[in-house]
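Presented sequentially are two complexes of subunit A, the first with subunit B as partner and the second with subunit C.
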Partner chain A sequence: MDNIEVTPNQDRELSVVGKPIPKLDAAQKAMGRAEYIQDIKLPGMLYGKILYSKFANANIVKIDTSKAKALAGVHAVLTGEDVPKKMKMGFIKDNPPIKKGRVSSFRDEVAAVAAISLDIAKKALDLIEIEYEELEGIFDPEKAMEKDSPLVHEHLKSNVLKMPWNIHYGDVEKAEKESAFVVEDKFTTTWVTHCCMGTSGAIALFDAADNLTIYSNTQIPSLAQKDFLESLKAMGLENKRARVIKPIIGGGFGSKLDTYAYEHIAILLAHKCKKPVKIMFDRVEEFNATSTRQPTVIYIKQGCDKNGRLTFRDMRMVLDNGAHTSWGATTPSVMLMPISSLYKVENVKYNAKCVYTNNTYSQAMRGYGNPQATFAIESSMDILAEKAGMDRIEFRKINKNQSGDETPQGLKITSCGLEECIDAVKEELKFDNNSEKGVGTGIASLIHVGGGARIYGSDGCGAILKMDDYGKVDIFTGGTDMGQGLDNITAQIVAEELGLLAEDINVVHSDTDVCPWDVGAHASRSTFVAGNAALGAAKKVKKKIQEFASKILDVPAKDIKFKDRNVFFPGDPEKSMPIGKLLRKAHFSPNGTMLMAENFYDPDNRNMGKDLKGNMSMTYSFGAHGVKVKVDEETGKVEVLEYVAAHDVGRAINPLLLEGQVYGGVVMGLGYALTEEVVHQNGKNMNANFRDYKLFTAKDAVKIKAPVIETIDKDGPFGAKGIGEPGCVPTAPAVANAIYDAVGVRIKDLPITPEKVLAALKEKKGD
Partner chain B sequence: MATKISFILNGDKISYEIKDHWTLSYLLREEMGLIGTKEGCGNGECGACTVIVDKLAVNSCLYLAIDIDDKIVETIEGLASTDGTLHPLQQSFVDNGGIQCGFCSPGMIMSSKALLDENPDADREEIKHALAGNICRCTGYIQIFESVEAAKELAVEDKGGKNG
Partner chain C sequence: MKEFKYLSPESVEDAISLYGQHSETSKFVAGGTDVIVKLKEGWMEPDFLISLKKIKELSDLHKNEATKELSIGALVTHATLEKSLMIQNRYPIIYDAVSNIGSLQVRNVGTIGGNLINAVPSADGAVPMIALDGVALLHGPDGERSVEVKDLFIKPYVTVLKPGEILKKITIPPQEANTGSAYIKFGRRAAMELPLIGIGVLLTLDTDQKTCTKARIVLGVAAPTPMRAFEAEKSLVGQKINEEILVKAGQIAADESKVRDSVRGKAWHRKEMIKVHVRRMGLKCLDIIKKQS
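Up next, the complex of A and B:
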């Protein structure tokens, strides 16, 4: 098929980039030799455990830890009284790692212990006696906005967070009046959670000078280091060092973008006990005490003219923030992107309120708000197309984004393969061939940041590259591999640039003592930003090698080429040398030198201004998903028959790992669409296990085709854009649209369970 | 209470004094340092801890260590040949993108091995059935199925690890 063929490279023949090289650490993992946080034991290590609140909202009247302290093998018991006043978590610092006086959710930490064994630590928790005075809780964010609602934090006087999410581009009121067709709907999404197969955990220890080392499976080593240094400062440990070591990470998906109570509590316990302290979550804790994707209530109104051109989009959201504030409260900054810029629409209004409740607090999860916003937008696109009497695919193509566009938010669209993605889906899925009863097709598109995302002062990543005497490379990157494959992306980029093989490149990304700064593995930014950081370092070393080789081979430096572990002068077989040999010559000569380079790449993107405008990413990733479903009208069960996920990735640095990102994203998205829900009842998690939290299993796996559209982005490393998150962004609306196509019911509340489908079918039939 | 048990672990005869309440995953991971067997839930729900006992794939987090007395136990550590050659399943998981974060991989590979040992020609549906108890959050399973199918081909040339 022409439109999904890999675009030939115009610059030069590539020998490593673009190849499906297996993940560099896969053999270690396949042999069971990879060490995760679960697997690490240090000499003298103690085991920490955390006690959580028994109520969603309560005053702590009294805590008695004497029996726990007296238990043999217990080294320390901490309560909120032992936490320094300034030790708080979250970007607005509203959350101490152990609460004092008041708890505001079931996951609030009330005490912690360290003991010589896990069993003793657990026993000690049972011996802590706490007297609570239960208070009325508030669990519905819209009710929490009402004037007489109980307050989650009384001193704030309101449950609504002070966040700036209020924008108006163009003139929505005028555009609405001039629209030929307008639709208005309400959508809701609920809590889902990352379900990393490796649960969360940390080991903290101090050296004799009170410098901290912490092992943690974090996605943000540099920002975590900053958080930990702030904790040390709050503990009175000024001017100390905090070293963050990342073991192999058993899944991230956004869950590890903040620092958490277990890490800060491990630090407190380790300091108190003068021993390493490990806190490992069990699966129940992982469900209860890690942060979810934030639930939303979404009101959307959009319109088009008689030719099907979008005229305006007006959206309002209420986000359940939970009892404390983590990055969940900033997801509207990313929601703004699809709201203002998925398809061409000049007049856009968006208001989001993040509201405190006594529920669990939300955080980042793959897509960072985009899946929620896109669920509403793309469901509404189908509703509007139907009202306007237009073909839903044609309607999308009329409004497609294109290269050279600047959107109302100020996003500059550079490379854009949206139309090609839509065409690829159309070609693969045969939309008009749904004669079978209960079978239907759906489509939905996406825009996502693909070239970094400046939501912090720096969006940069550093890389240090050194070559040894044998032609091998060690590259120390700020970027984080959590299974998605950044180690390969880094190695393939460096190998390509230096004429080496991927196996010649050792990628070190595990230790803040040796790796430079990076803002974190989020926003699908690592291939683009960490990739460019590595590429820049490789280019610097390459230039040095060329200069040296020029002297040895007696040819102009710029003409020296690199391939198959050799440097050579094209056209003269005599002028060639293995890179290793050249490096040894450079090293072992008078005034010898070793070849290394450092590079810090900070993309030329912009923070949003006060008007919330700004080109937050250097480039944007696009995609379109199509799905064919069969709905059983007797049971309401939805079966996914076929799935096509077409993505504009700039360039596929590694097609094998790229497919893995897309497949994994789609299946996570299908869970979001159909099965996954953390059931909260008055703030309490009712399904903290894999029996009742319904992930897709091997039995549920679906056929997925993943056409790759290569648009060769001008700023991406070898033209690549990010692809980590996009796979799960348009999945839910594609499924919802297919269900409507199949049986004529529109489900506006995720997940689309058989119960909801059945109820809607009954309502439609007038039962 | 302590009990002395004897069993074959990855081809080696072992005698070990265990506490009666120990699970097999505890014995392997915490006592014997065989960290290749992962524990993802401790409740038999995720399959990360899958090992093979007398040819049957079991969740070692639920299986009591005392019950392996006189039995043959295979773990992920026993699959590769002594010369370092990966077992066909390990190699095909590596080559076909069956591994991302890798936490589920040892369990996936052991469940797949139990299947192929019994049914070398297992088709896609049989593979799906055999892996139904092994959860993966990274891959969407497709490349895992492809890995198992590719391993069937590789198995023809298998030189064999300790567990054959």
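Up next, the complex of A and C:
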């Protein structure tokens, strides 16, 4: 890689970066012209449908597919017997796409069909006869840890996953003894789900040489490609190609960070039928068969000295892993970040156990464990402040993170606007002015990765940039837009660097045949990592243009500037040229040249070591949320009156999209706090619909103020840090703290329903 | 979804006759907000779907100036009721109930008749119709008959309607002076919500504006069908109404209810909500009466 300086001149005047340019595909989406996977139909395409288990835990005694196979229009019926032995999903490969012999959750796939129409496919599923032998299920992860518990997977000898989540920084026991005040509590969080507007789906097809093309709703085209190639290999198709195309998707929020059974089943069916096969989830399936946020049982103890300085934090968690393993089991790696590094605390202990149950399995979801951990930490911060007799805002400021800190986990805090965020919230929300009965305020802070996150061996992203004859740019990025706005961010960064307008930049993404490699849209990394990749590519092309223009304009290359679609030499109006004209000269000259560049940006962050230490991100985003609520003391109902969400974002590349991310995050967080819950009874999803899954509606959404704190990060593209996830991280504890402030009851179990609040109020009154 | 033939007769007689021709395999549809869902989910698989939308008389909403009776056609949409000044001013309990059904889009097509005939325990529209002593006019192969709305429901999804019978309209008898009425849907969200419990109260006071001459306390989701809390009503009639008496009535109503635990909510909390909201709605009624005079 050329030595490209990615740090921009932070003082220079910006003309595209920092502007509230509406999402580039907004009109297309608003007019119904955006092509989602729902819209894609290929010639000869068949429709696949999956049959799920009727029990949470059972042996499959017999499967008879003969009637389904005999139905006219059915091209293939698959059972677990048809799945190659090595075809398994998840990072520990414990989950075949169709189960054989034993089912361990209601969402376990037992058969799949492909037919010429969806109706026929559904009918065929009804014709599959399965005899089960039901077994006792295990649904409580703490009970599943007991010695005599039945096992979800007998060959593993234990329900506890072998995961390394056990750390001790400093000396917690000693610090506890020396603490002036110590508090200890238990918190619990439950299943919630992403509720993407677009349901999941995939279309798989093979060419005559058995190369795969798969259209899929994924956030990780390059890593999904790896999973699919592994499946091909398991099918005996070695050295084949897998092209992953991600159409426009209606939301990701982490749900599409792994590959799912429906994708691998579509591959199996397409190969068997030699036709394209599409599997689309309906809404009920979307609720039942996609993965949730990880439910947790959290034990927290923390203390402070008499001056209010945190002395230690000791946390233990039990995570319900469900029957199979996906990224949910790795959320402790991110929980570790707030546990070790939200506020200054030297002595930290954390132990998390992921436990198999016969429930649904969990996945990544916006915040990746951080909302659960922060719920416990920030609720406990208020409890501790009260015990120590300190003002809760002052208490937080005493312990604030600052630039230059290195936390016990080894996180290096570079830019840090936490205190400014807390002050902004305090300024907007009058904290001490709650004379009205039942009204209270709450605050909670957050830390999150803002400069990539080295989860894999690489945290890199590639970009290829080429210019046409007319001054327009095509940039092929490894990054994935899933609605969050990577297209705008990339266009604005490139346009700024090359003196163009955002509309001059065509951002091509999410096709592995065309775009360079990337580890995916996760960890709030796209603006930082894909942004830096694009910026680096733009700088390389800029240098080439300068060198070429230097010959044409006869001025030193380094003095050539770019603005308003022109290249020019400041001070001499004669030495100026529209960039398109210059590019044509480059192409049409003898010994012509092509102005394009590739760039791979891999941040200088670190994987966690065996000691679970390491600076996983180049920089960290901070924020503070404040909320004013009104509690109806007779019904337990909580009304959100005001909400302020202040974030240190480094720099707002696009304030409009940034606010959108914050608003969306907060509303998602409020649902987590107050209404959302996938109700499972003995492993069965009891509310697989939007009537009973209480996602906030437009009418429930509150007005949110979103102060933006710009700390201009030294490593971010134009100083920007990631902001995709933070919006939903501290919402639940801010609400819980406000409820306590309002009516003096502390709810430690999410969501905070009217029933829980009223029960607590009655208990307090001694009713 | 199974294919079906869509028929849209323009008179009640034609609709009944069409039903008669294919009685086993026909279904009537009004706004479709419930029926379409059932069709899509395969819970209902008719060969003929007979739409009542083109029957003009069914969409009639008017108050007879001579008899002071309010007549609400079965096909009157929630949105029409919600926007009617007459409903807003004279029948606030109807406004309270219909203005919070589903979403704007649902209210634009969903009808009051459909809401009743769907016969779910949570039908917001049923509570005010019962509280206002509404009478349903049914028309079937054997002609017309009237049934009080409170007697319309047998169990969830089942009404007293016979095969081929259509609900034509609901008639609300004249409202006495000094009457106030109010309804609240207690739910978790502000829209797209079914009530966890629905509470409607109607009070008529004597000329002294204190003594209760008539009381209706109607509960949704408190039993398999919308129910009147007769004992609670009795506790109010003849009494000078104040907050204390309403609190007691709330307790009686809660005790009368047959609420149960479900995935959506716990019985104890539902009882509490009945207790609290009978009082709150009762006070709202008093407020409305006060403002009228």
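FYI, the second predicted complex is superposed on the first by the 757 of 767 C-alpha atoms of A that agree within 3 Å, B and C clash if a C-alpha of one lies under 4 Å from a C-alpha of the other, contacts with A are read in each partner's own complex, and residues count from 1 in each chain.
One rule holds in what follows: a contact is a pair of C-beta atoms (placed from the backbone, for glycine too) under 8 Å apart; a residue touches a chain by one contact, two chains touch by 3 or more.
If you're wondering where the values come from, they're calculated on a predicted model, not measured in any experiment.
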item: Touching partner for A:531 - first (subunit B), second (subunit C), both, neither; value: neither
item: Partner chain in contact with A:36 - subunit B first, subunit C second, else both or neither; value: first
item: Which superposed partner A:699 touches (first subunit B, second subunit C, both, neither); value: both
item: Touching partner for A:48 - first (subunit B), second (subunit C), both, neither; value: neither
item: Subunit A residues touched by each partner, larger count belonging to subunit B or subunit C; value: B
item: Partner chain(s) touched by A:660 [first = subunit B, second = subunit C, both, neither]; value: first
item: Which of subunit B and subunit C A:691 touches, first, second, both or neither; value: both
item: Touched partner set for A:516, first subunit B, second subunit C, both or neither; value: neither
item: Partner chain(s) touched by A:730 [first = subunit B, second = subunit C, both, neither]; value: neither
item: Where subunit A meets both subunit C and subunit B, residue numbers; value: 690-691, 696-699
item: Residues of subunit A that touch subunit B when the two form their complex; value: 20, 22-23, 25-36, 38-39, 194-199, 248-253, 282-283, 482-485, 656-657, 659-660, 663-668, 689-691, 695-699, 701, 704
item: In the complex, subunit A residues that touch subunit C; value: 119, 634-636, 675, 679, 681, 686-687, 690-692, 694, 696-700, 753-755, 758
item: Touching residues on subunit C, where the partner in the complex is subunit A; value: 1, 103, 186, 188-192, 194, 263-266, 269, 272-273, 276
item: Partner subunit A, residues of subunit B touching it in the complex; value: 29, 34-43, 45-46, 48, 75-77, 79-80, 86, 90-91, 93-97, 99-106, 109, 127-129, 131-145
